[in-house]
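Per-chain residue numbering starts at 1, and chain names A, B, C and D are given in the order in which the chains are listed.
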Amino acid sequence: MVSAVVSTGEAQAQRPLGAAASDLAIELVKINKRFGPVHANKDIDLKVRRGTVHGIVGENGAGKSTLMSILYGFYTADSGEIRVNGRAEAITDSRYALKLGIGMVHQHFMLVDNFSILENVVLGAEDSALLGKSLTRARAELTRLAREYRLEVDPDAIIEDVSVGTQQRVEILKALYRGADVLILDEPTGVLTPAEADDLFRVLNVLRDQGKTIILITHKLREIMAVTDYVSVMRQGQMVETLKTSETSPEQLAELMVGRRVLLRVDKGAAHPGDTFLSVEDLVVKDDLGVTRVKGVSFSVRAGEIVGIAGVAGNGQSELLESVSGMRDQSAGTVKLKGVPLSLEGDDGAHRARKAGLAHVPEDRQRMGLITSFEEWENAMLGYEDDKAYGKGLLLDINAARAEARERIAKFDIRPTNERLKTANFSGGNQQKIVLAREMERNPDVLIVGQPTRGVDIGAIEFIHNQIIKMRDAGKAILLVSVELDEIRSLSDRILVMFDGQIVGEADPATATEQELGLMMAGIGKEAGK
Amino acid sequence: ADPAIIYDLGGKFDKSFNEAAYNGAEAWKKETGGNYIDVELQNDAQREQALRRFASQGANPIVMAGFSWGTALNTVAAEFPDINFVVIDAVVEQPNVQSIVFDEHTGSFLVGAIAALKSTTGTVGFVGGMDVPIIHKFYCGYAQGAKAVKADIKLIENYTGTTPAAWNDPVTAGELAKAQFDAGADVSFAAAGGSGLGVLQAAADAGKFSIGVDSNQNYLHPGSVLTSMLKRVDVAVSTAFKEAGDDATFKPGVNVLGLAQDGVGYALDDNNAALITDDIKAKVEEFKAKIISGEIKVHDYTADNSCPGI
Amino acid sequence: MSALKPLPRWADIILLPLINLTLAFIVAGLVVFAIGQNPLAALDAIITGAFGSGYNIGYTLYYSTNFIFTGLAVAVAAHAGLFNIGGNGQAYIAGLGVILVALAMQSLPWWLTFPVAILAGAAVGGFWGFVPGYLQAKRGSHVVITTIMFNFIASAIMIYVVVNLLKPPGILAPESASIAVEGRMPKLGTFIPWFKNTDVNFTLILALICLVGAYFLIWHTRFGFAMRALGQNPTATRYAGMSNSRITMIVMTMSGALAGMVAVNQVFGVQYRLVLDYVADAGFVGIAVALMGRNHPLGILLAALLFGALYQGGNELQYVIPGLSKEMVVVIQALVILFTGAMEGLFRPALQRLFSGGPAAARSGG
Amino acid sequence: MDMVVILSTLDATIRLSTPLLLACLAGMYSERAGVFDIGLEGKMLMAAFAAAATASVTGSVWAGLAAGLGISLMTALLQGAAAITLKGNQLIAGTAINMLAVGLTTFLGIQWFAQGGRTPQLKEGERFTEVKLPFADELANVPVVGPIYSDLISGHNILVYIAFLAVPVTWFVLFRTRFGLRLRAVGENPKAVDTAGISVIAMRYQAVLITGLLCGFAGAFFSIAQGSGFGNNMTAGKGFIALAALIFAKWKPVPAMFTCLLFGFLDALQIRLQGVEVGGVQVPVQAIQALPYVLTVILLAGFIGKAVGPKAGGVAYSKER
């Protein structure tokens, strides 16, 4: 076990005023946690200095979230000790963690969807039995926090109506409102645009300057390099190493995480576009509330090319994907596959789209792409259960389905290699691979991919990117939507920028700069014709 | 062998039909010191099962009360020719079965007459449990009696419900009675098993009159329960216990109990003595005599499923 | 404190339910004791009443038949995420289809009528399930409310139809004409002397076939897959292109048809006529049966047998111990549901400790 | 219809909707907290029995009410233990409670009172009688307003007023208090509540206890206010209708009141429409009796749209596993 102590002879720039006996805000000693047979945390030691941003990286399922949940009192460790400001504390529940000044922004937001932002902030931190006073105070406080950290939100907006970026902000505001000294952020940028992520890091810097301690979990090494002071690497439940960020490199971190060398950039050859496979004409789509989210969009994707759609989340990309893939009814327009119009209306539109040769990797694998309570092999045929390969007539040939699932598990290196395991028990990256394997192995003409690497570790990202490119090179048409500008830029052969339900411009990934794209995504860019 | 009795749905303490049967059995027990066995049905489908259970246990006679026994008894009686059966309210033609039926329509006629005589508003009500033929038989007799007194009397006819709960839903029955009172009625006749209690209570609360059924219910709300339409199931049961166990005294065939046999009638006791004036009593007794003599013919709804003139 | 291991499968499936069942009987025994009766005598009466002889077993199986159907009806719907509280109404109204077919074909041999009666019961019961399914799929009405309402509507319709349309003149009882003797399906007792004089009939075999059929439907057909997918994640089925509305309607129809088989058992198999309220709340018992059987046909079979035994044994109880009325049986059933269904977790931690403690202790000892 | 009939119908509407409303609000608390409750019926039945039995034995209506509330609370606690602490299936817990109530009330009733499970008829002082509001008599003769006030608004028993008072109280509790905020949150996203440092278990128990309390009032209404004694299964499926009303009202207090009033009105109307003729033909009484249910189905299919309940409803909360 490598100890996480980093000797830093030189004094930290900002030593908090009146620092207590220890300059360690948090110290974890020999933490162990098991979930049934899984040993999620093994003898973990971790020291976090006050007034620093401390990064934690590791593959999916390495035990990062578990460790932080223990620190936050959400889980209880099987053994080990937690010291806060040098004092051993038994953190039995989140209430006590909050009292100790520990706040956490969870990987999966802990927000009440149908509450207003104000109500979410106040929840659990009300100051009296009646709400009125608390809400008034919180409203004022939110205004102050917004000013101080430039974290603007509309207090009365309902969570389910606001973008994930805003939800993220609410989570941070929740922690700040409670006056957290130690702020844990678990993959906060997974769903943020680069601009939103930059905003977040600016806030983190302000907080650090005020003497607060921040623990940041992320899969994006760029972010680790940009904002952290220290970084700890976890692998398979163990703490591998803690390093000073300034003394390490992304390559080194990647290797420590995965245990092998990882190619951190996409390697692809030139595209050889062929016939137009997918064409979308004047598409108009409404969301569940009847609001028009896609306002007359036209574009086409040719065989052998990847077209990326860039845009800030919430500008109609989701509705566009759902509509083209047949999940959502369109109000107007046509979708053609190899020149043949697809009929997509009705609640089984996606079925007809698939039959016609259009596969879809959805943005939200857990909500749409998978039935997490099903076994892996069942998800491996979801959407294709009518296929001849899975039996005759009405009956399912379970053995055939399982055998096929096993083949794909091997081919896509899905771990664990057990097709009978409940899908919920696979890590996010592996869940993503299950979906990709299913959709790609059908050999569709057109593949629509939304957020392919959201929350996925770097090893898996590398694999997924390679698969997408392999498919392009096999002469398929690929439509890619991602909020990761890096991903769009490195994978796409053409970039379309979407803003407010319309395509506001097209760019060449080889020449367009991040600034240009950013401006277009904000709706300021020039109308770029061809 | 011990005699046996099987109560119908509603249970032996329904304050009405089944309770009358129970009282008959108890009276027999007190009188003779004998022992009897009894059971309550859980649901409609258990009739044959219960009959066979007692028959194979050797109970004799087996008495059952209720209009739904016909088909089940017809089957089981044939299987156990050595056992005597007595069925109340249904007719089964088998050599070892005695069927006892009551002229509920004539008894109801009399209480209908009493209701009309007592009513000052010219409107009287009826609350039945479920819209089934036997309940119509009560209603039809009641209506004829009321019209015999006052040809233009207004009648309000209501039923509690459509599920078995209808026989045990005093709340709805009470609401029905309240609605009748609001609509001008001042007497309501409840032929609804346990639900009837709600009618009696509503009448007492509203200061109106009610009429009980089967057993004498006058004591429940003295001064408000006008009378009760008696159906002497108790007499039928104790007689059956006495006679049917022995082939010498057992009388198979149909036995109709009407006004003449005191099988049906109206209840008069201390609780309602003040309500039934001598005038009313005289009128009702006159009707009774005429019905017995055949001078007045009360139509039986179940004879042709109709109630002419109502 | 180290993490507790999950229980071994056999303990989960057999030991735990057995402990819970025992607890239910102990609590029920306390109630019996409290009113001055002997609990052991009562238990003996129930067990003998349910299994003591061919006669008792025959009746136990007859009641179980009903519960298998209603349990399956609830379970099939539950797999698709639908809560069908309407088993009662579906089973009840299906009697119309069964009796009409049975009366129309009463001069023909029963084995010709039987399959047609099954189809008729399934069609009418299925229709009574389809409408709530349709309303949920197309109009967004909640299937729970609609099925509750349909239970009440069914009883209103039945009483009207039986009394006004089906009842032959001249009889008092609200019931239809009886099927002619030559058209009646013989009960199993005719062939198996053991079951003589009991109501168990060929519908039991139909119930067993339905159990197997449901098993295949749920886990071995494409539709079953779609149905379970819908039950787990309706967004994912939309993504997969399964028609949620179509599945909802089909499943509710199947569920209603299964409940409708109670009518075949009761009307064609036992009563030979249509009486009122022959369902006797089997639809509600079906909810408990399905939940306790964890929506698995095998579990449903066992739970239906348990409830059939309690029903029949409890029925006999009042003949043997007159002080213990039929309500005591309801109390026992409720306690069984409570302890083996809702409170099944009561002893799990203790058992887990026992099972995890065992090997560990052995290791440190050796 | 003249004024008298209208008033009488509306008067009955209020009486008939009272137990529905109490039960519906009861269900609202636990369902808002994420505990589905199909055991409303059972708790009401238990309360109805306990209230009538106690009132009859002690001769005091208040003792009866207290017993009804007490038993209902205990039943709720039992159900809560199964559904919350032991993480049992909430539907099974409710079903068990319903069955237990049917069996136990009748069984004990027979043992104690030997009247087939009924309690003795309650006398004066053993049941709640009509409360005359101030000035009811004085205003009675004022046209229009008078009858409305003195017949319709005045002259109900106290539980009716409690039920209708419970509507604004519930609204206030749910939407204007800390308790309500946490309660609603726990039914939507218990994890969010847990991570905010609030005990999910404690919140759910509190909700379930309030449910018990309100079911206690509803049960008492049946046996010691509207009725005068307990009768077997006297709640007659009202718990399920209340559940339907709750869904119909989309788990909101004021719509719940209107829904219950609507159901009550349909029932009152049904009672008054029996025997009505349409085009010279008498409508079968069964058609009239089914009317409230048919209309509910039609309304639901026609106007209400999808009802989405509290998201975390129906599942026990557990951190791990």
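The definition used in the following text is that a residue touches a chain if its C-beta (ideal position, glycine included) is under 8 Å from a C-beta of that chain, and two chains touch if they have at least 3 such contacts.
Since the model is a prediction, treat every value here as computed from it, not as a measurement.
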| item | value |
| --- | --- |
| Chain pair that, of all pairs, has the most C-beta pairs in contact | C-D |
| Separation of chain A from chain B, taking each centre as the mean of its C-alpha atoms, in whole Å | 76 |
| Where chain C and chain D are represented by their mean Cα positions, the distance between them in whole Å | 29 |
| Averaged-CA centre spacing for the pair chain D and chain B, given as whole angstrom | 34 |
| Whole-Å gap between the CA centroids of chain A and chain D | 46 |
| For chain A, residues that touch 2 or more chains besides their own | 35 |
| Numbers and ranges of chain C residues touching at least 2 other chains | 152, 156, 159-160, 325 |
| Chain D residues counted as touching two or more neighbouring chains | 110, 117, 237, 284, 286, 289-290 |
| Contact pairs between chains, per stated definition | A-C, A-D, B-C, B-D, C-D |
| Chain B-touching residues of chain D, taken from the complex the two chains share | 4-5, 8, 11-12, 15-16, 110, 114-118, 121, 222, 226-229, 231-234, 236-237, 267-268, 271-272, 274-275, 284-286, 289-290 |
| Chain A - residues contacting chain C, complex | 34-37, 78, 325-327, 346-354, 360, 362, 367-374, 378, 381-383, 385-386, 390-391, 394-396, 398 |
| Chain C residues within the chain D interface of the complex | 31, 35, 83, 85, 135, 139-142, 144-146, 148-150, 152-153, 156-157, 159-160, 164, 284, 287-288, 291-292, 325, 327-335, 337-338, 341-346 |
| List of chain C residues in touch with chain A within their complex | 1-3, 5-6, 216, 219-226, 228-229, 232-233, 235-236, 238-246 |
| Residues on chain D engaged by chain C in the complex (per definition of touch) | 78-79, 81-83, 86-89, 91-93, 95-104, 106-107, 110-111, 117, 237, 240-241, 243-244, 247-248, 284, 286-287, 289-290, 293-294, 296-297, 300-302, 304-307 |
